[in-house]
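Heads up, the next two complexes both have chain A, just with different partners, chain B and then chain C.
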Partner chain A sequence: MNGLGFLSGSQARLFTLAAVVGAVLVALTVPLSSTHAWGNLLIASVYLTTLGLGGAMFVAFGYVTGAGWNVAFRRVPEAMAVTLVVCGVISVGVLALGMHNYAWHAHGEAGTLWFKQMWLSPQFWLVRAVGYLALWSVLSLLIVSVSRRQDRVGGTRLTIANGKLSALFLAVSAVTFSLACFDWLMALTPMWYSTVFAAYQFAGMMQATLATMILIGLALRAPGRPLHGVFTTEHLHDLAKLLLGFSCFWMYLWFSQFMLIWYTDIPEEVAFFVPRESGAWGAVTGMNIFLNWLLPFFVLLPRPSKRSGKIAARVAGAVLLGRWLDLYWIVIPALHQAHPESGSPLVGVAEAGSILLVLGLFTLLVSRTFGKANPVPRQDPLLEESLHYHL
Partner chain B sequence: MSSRQLIFASFAHEEDLLEGIRALRRADVKIVDAFTPYAVHGLDRAMGLRPSPLTWVCFVCAMTGVLFALWFEHWSLAVSWPINVGGKPWNSLPSDVPIGFEMAVLLGGFGSVFALLGLCRLFPGKRARLATPRVTNDRFVVVIEETDAVTTPDFVHALLEPHGVVEFEERLAEEKVPW
Partner chain C sequence: MSHVDQELRPPLVLGDKSLGDITDDIAAPMAATPSTLWWVGFGIAFSALVLGVVAVSYQIAVGIGTWGLNRTVGWAFDITNFVFWVGIGHAGTLISAVLFLFRQKWRTAVNRSAEAMTIFAVMCAGIFPLIHMGRPWLFFWTLPYPNYRGPLWVNFKSPLLWDVFAISTYLLISAVFWYVGLIPDLATMRDRTQPGLKRSIFSFLSLGWNGSARTWHHYETVYMLLAGLATPLVFSVHTIVSMDFATAVIPGWHTTIFPPYFVAGAIFSGLAMVLTLMLIARKTMRLEDYITVSHVDRMCKLMLAMGCIVGLAYCTEFFIAAYSGNAYEQFLFRNRALGPFSWAFLTMFSCNVIIPQVLWFRAVRRNLFAVFAVAIVVNIGMWFERFVIIVTSLHRDFLPSSWSYYIPTSIEVATLIGSFGLFFTCFLLFCRVAPAIAMAEVKGVAQVKKPESLRIPQPEEAVA
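This part shows the complex of A and B:
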C-alpha cells in the first residue's frame, strides 16, 4: 500500500477536493453570518471527533468483553481511533475560535449558581476541552500501538494488557465524553439541561461509528482490496445487527428526553423543544427520526437485508447523514436562539460545506492511518476465531 | 394407520454428525430430524433447514401489540371517556408511545414463546420421547426415513460408516410420532 492507505491516487485527490471545497464553502458564508458558519464547523468537528472516539470505544469494547468476532477487521476501528489526534486538534481550534458564540459567553447567561459560573468560565471550559481530547487521544493511541506491536511480538500477553488498558479507557471516556457533550453541545443552551443528553449522544456516536465501519469494511472486501476474504458476510451481519440495536437505543433516549420534558411542561425545559418543533425545524425533527431510527429499524429488521452489502451500505449512508442532521438539529437552533441577529436558517451553502469537509477529511485521514499498519492483526490469538466466525 | 420405517444413527461427536448429515444429503436420503445434547453450530445449514418462521411471528405480534395499544389508548382517553390530564390534548400521541412500546414487547415476547412451544409441540406434562436416552448426554442422533427401495439400512450404513457412526438401529414407528 502507498502512503495514501486504501485510497488510490485519483480517489485521494477526489476526497481532498471534497474537503477543500467544503472548507471554502463554509468560509464563503462567514461574511453572511459568522455564527452560522461556525455552527457548521462545530458540527463537523464534533462529528469527526466522535467518529474517532467511537472507533476507539469499539476496539475497547472488543478487548474488555474478550470478543473474538471483531478481530479480523479491527484495524478499521483502530484507524478511526488514530484520527482522534488530528480531529482533536481541529476541535480545539474550532472551539477556541467560536467560544463567543456560546450564550453563556456572549451574554453571561450562566445562571447564578457559583459552580455553574465557575464551570462555564471561558478558560476552564477550554482547558477542559484540551484535557478530554488529550486523554482520549493518548489512551486510544496506546491501545492501537499495543495492538500493532502484537503483529511483531505475538502471544497473548498484549491482548491481556490491552484488556486492562481498554477498561481504563472506557472508564475515563465514559465520564469525559459525558462532560464533553455537556460542554460543547448542551451548553449551547446554557439554561436547559437533560440528564440523558450524554447517553443520547453516545447512541448517536456509536450509530455513526458502526455505519462507518460497515461502509469501510464493504469497500475493502472487494477482490484485490486489503480485507478481501477477511471481512465476511458474518461480520457485516453482526455490525448491521449492532447498528439496528443502536438505532433503537438512540430513538429510545431521544424519546425519553422528549417525553419527560413534554409531559412536565416546565418553561425552561420546553424552551429547547419549542423552536425545534415549529416551522421548518419540525420537518428537520421528523427527518432526524426517520433517518436515525425509522429507516434503519424497518429496513434492517429482516435477516437478509443485514447480510446484503447493498442494503446495509445504503442504510449506513442514511444513518451517517442522520447523525449529521442530529447534530445540526442540536446546534443551529440554539445558535439562532442566542443570536437572533444571525438571521434565519441558511440551509444550503454552509451545510453542504460542512458535510463535504467531514466526508473528505475523515476518509483521507482514516485511509492514511489504515495504511500505516498491517490490514489484519495477524498475530492476534483470536484472529482464527474471527476469520471462521459463523453467526 | 400407516407406519414408517425409521433408522436411528448415533454419533459420538458433533463433527461426525455434521459430516454424516452432509453425506446423507449428497445421497438424497430423507432426513427426518436430528437430536443433539446441545445446539450444534451449523447444523441447521448442514440439514438445509429453512429459516425459522418465529421472527415473523414476533414481528406480527409486536405490531399487533403497538397498534392495539395506540388504538385502545386513543379510544379510552379521547373517545369513550375523554380525560384531561395536565391540560394536554385528549389524543396525545407522546403519552401513548411508552404503553405502545411495552405492548409490542409483551405481545412479541409471549407470541414468540408460545409459537415456539407450538412449533415444537411442547406443552406442560409432555412425556419425553428420546431417540436414545444418551441424546441428553453425549450422543448425536440423526433420524432417517426409508422412503424408497434404495434407502435400505445397508445403504445408509455404508454412507455413514466413514463418518464414525457408533450405533445404528432400525425402528418401526407408528403414526403420530413427533418426528
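This part shows the complex of A and C:
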C-alpha cells in the first residue's frame, strides 16, 4: 500500500476534490447566513468526531466482552478511531468559531439558572470540549497502539491489557460523551432539556459507525484488496445484525423521548418538538425515522439481505444519510429559532457542502490511517477464531 | 492455540466429563431424597408464604386501609414491591434470549434456573397491583372486551393498562420459552425414569421427543424464533413500567431517561438475584463443575456494567435537574438526597453504585463470598431504588400543606415477606422436579470426553 492507504491515487484525488468542493460550498454561503453555514459545519464536525469515537467504542466493546468474531477486520474500526485526533482539532475550531450561536447569553436572569449559567459559561464550555476530545483521542490511540504492538509481540498478554484499557475508556467516555451531547447539541436549544438525549445520540453514533464499517469492509474484500478473504460474509452478517439492533435501539430511544414529552405536554419540553413537527420540518422528522429505522428494520430483517453485500451496502448508505439528517434535525431548527434568518429545511448549497466535506475528509483520513498498520491483526490470539466462524 | 484456549476461552464445564456424567450429575438431585438443608430452606420459605397468605387475606377482608398510604403518598410499598419483582424477572429472559442472540455460550449453565426465576418473580409482581385494586375478584375488568357494564371500556391511554398487556405477554412468552427449552431435558428424564406415574408425566410433557435430527432442527428453529420475540419483550416490560411514572407530570417521575434506565436497573437486579440463587444452588446441589468460577466472573462483569449504567442515569438525573433551571426539579432532587428520606437515598446509592465498584477487581469477582455479599447488597439497593423513586417524589408535592411522611404497616411488611416466601417456595420445588441446568444445552458447549474406542488421533499427536 502507498501512503494513501487503501485508496488509489485517482480515488484519493477524487475524495480530496469532494472535501475541497464541500468546504468551498459551505464558505460560499457565509455571506447569505453565517449562522446557517456554521450550523452545517457543526453537523459535519459532530458527524466526523462521533464516527471516530464510535470506531474506538466498537474496538473497546470487543475487548471488554472478550469477543473473537470481530478480530479479523478490527483494523477498520481502529483506523476510524485514529481519525479522532484530526477530527477533534477540527471540532474544537468549529465550536470556538460558533460559540456565539449558543443562545444562553440571552437568558440573563439568575435564580434557579445559576447552575446553567456557570456550566455554559463560554470559557468553561470550550475548555470542557477540549478536555473531552483530548481524553477520547489519547485513550483510543493507546488502545490502537497496544493492538498494533501485538502484531510484533503476539501472545495473550496484550489482549488482556487492552481489555482493561478498554474498560477504562468506556467508563470515561460514557460520562464525557453524555456531557458532550448536552454541551454541543442540547444546549443549542438553551431552555430545553431531556435526560435521555445522550443515550439517543449514542444509538445514532453506533448506527453510523456500524454502517461505515460495513461499507469499508465491503470495499476492501474485493479480490486484490487488503481484506480479501478476511472480511467474510459471516462478518457482514453479524455487522448487519448489529446495525438492525442499533436501528431499533435508536428508534426506541427517539420514541421514548418524543412520547413522554408529547404525553405530558409541559411547555418548556414541547418547545423542542413543536417547530419540528409542522410543515416542511414535519417531513424531515418523517424522513429521519424512515432512514434510521423503518428502512433498515424491514430490509435487514430477512437473513439473506444481511448476507448480501449489495443490499447491506445500500442500507448502510441510507443509514449514514439518516445520521446526517438526524443531526440536521437537531441543529438547524434550534439555530432557526434563535436566528430567524437561518432558514427553513432547505437542503441547499451549504448542506451539500457539509455532506461532501464529511465524505471526502473522512474517507481520506480513514484510508491513510488504515495504511499505517497491518491490515489484519496477524498475531492476535483470537484471529483464527474470527477467520473461521460460521453462523 | 491451546494456551489461548485456557486463558481467553476457559472451559465451560470442568472435570473432564462424558455426556453420561453430565446427565448423571444434573439429574442426581432430583432422584435423591431432599437434603436437610433443602428441608430447612423449604420450611422457612413456606412459613413466609403462609404469613403472606394470612396478611393478604386480612387486607382483602378489611380493605387496603390496612396499608400505610395516605393522601400524599398514594403509592409506596405496593408499587415498590411490584416494580422490584418485575425487575427481578428480567434476568431470565435476558440470559436465555439476549445472550443467546449474542452467542454467549456460558449462559447455558444458568439459563434454566434464571428462566424459572423469571416466571416466579412475575407471579410475585402480579400480587401487588391485584390487591391494590381493592376488589381483586374484578381483575378481569382490566381486559378490554365488549361488556354490559355501560359498556365500560378500559382506558387505552393509561400506561397502567399497557402494563396489563406487557406483563401478561411477558409471562406467557417467558413460560413458553422456558417450557420449550425444557423439552429435550424432560425427554432425558423420561428415559431415566422407571415406568410408572412419574414416567408418564415426563413422557406427556416431553411431547414425544425422539432426539432425531429432524426433531432437533424443529426445536432449534422454534428456540431461535422465541429468542427473537422475547428480546423486544425484555425491553418493553420495564419500559412500560417506567412509563407508569414518566407519563406523569410529577418531578422525579417525569423524565425521558426512565425507559432505558428502568430496563438497565431491572437487568441489574435480576442478575443480582440470579447470582444469589446460583451461588447457593451450586453449593447445595454440587454443581461446581457446571457453574464455575469463570461463570460467576462473567455474571459479575455484566452486573458491574449494568450498575455503572444505572449510576450514570442517577447522575444524569441530578445533573439535568440542576441544568434545567426548573425550580421544582431542583427542589425534588435536593429533597431526595438531603430531605427526610435521605437515609433511603443513601442506601440506594451506596448499594447500587458505590459498593458494586469492587467488582472491577478480578480477585473480588472470583471470591464467591464477596460476590454473594455484593449480590445481596444489590438486591437491597434495587428495592430501595424503587422506594426512593416512588416515595420521595410523592411525599412533598406542590402544596406544602399536604407534605407528609410514609411508614409501612406490619401488614405491608408481612405481604412483602410473603412474596419472598412464594418466590423461594416455587424455586425450591422447581429444583426438585426439573433439571436446574439445561442438560442438552450444556452438552452442546462442553468439551466432552469421548470413550476410548471412538477417539481419533489428532494430527499433531500422530506427528509427536
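What we mean here is this: the second predicted complex is superposed on the first by the 377 of 391 C-alpha atoms of A that agree within 3 Å, B and C clash if a C-alpha of one lies under 4 Å from a C-alpha of the other, contacts with A are read in each partner's own complex, and residues count from 1 in each chain.
The working rule: a contact is a pair of C-beta atoms (placed from the backbone, for glycine too) under 8 Å apart; a residue touches a chain by one contact, two chains touch by 3 or more.
Everything numeric here is computed off the predicted structure, so don't read it as measured data.
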**Message:** After the overlay on chain A, what do you see for chain B versus chain C, clash or fit?
**Reply:** clash
**Request:** On the superposed three-chain arrangement, identify whether chain B or chain C touches more chain A residues.
**Result:** C
**Request:** Considering only touches as defined above, state whether A:Y263 meets chain B (first), chain C (second), both or neither.
**Result:** both
**Message:** So in the superposed three-chain picture, is A:F124 touching just chain B, just chain C, both, or none of them (first/second/both/neither)?
**Reply:** neither
**Request:** Using the touch definition from the top, say if A:R303 reaches chain B (first), chain C (second), both or neither.
**Result:** first
**Request:** Applying the touch criterion given at the start, work out whether A:H390 contacts chain B, chain C, both or neither, answering first, second, both or neither.
**Result:** first
**Fill in**
chain A residues where the chain B and chain C footprints coincide 259, 263
**Fill in**
Listed in rising order, the residues of chain A that touch chain C in the complex are 66, 112-113, 115-116, 119, 156, 159-160, 167, 171, 174-175, 178, 182, 191, 193-199, 248, 252-253, 256-257, 259-261, 263-264, 266, 268, 381-382, 384
**Complete:** Note: in the complex, chain C contacts chain A through residues 1, 3-4, 7-8, 232, 235, 239, 243, 246-249, 254-260, 308-309, 312-313, 315-317, 319-320, 322-327, 330, 360
**Prompt:** Which positions of chain A touch chain B when the two form their complex?
**Reply:** 255, 258-259, 262-263, 265, 301-303, 390
**Complete:** In the complex, the residues of chain B that touch chain A are 41-42, 51, 55, 59, 86-88, 94-95, 97-98
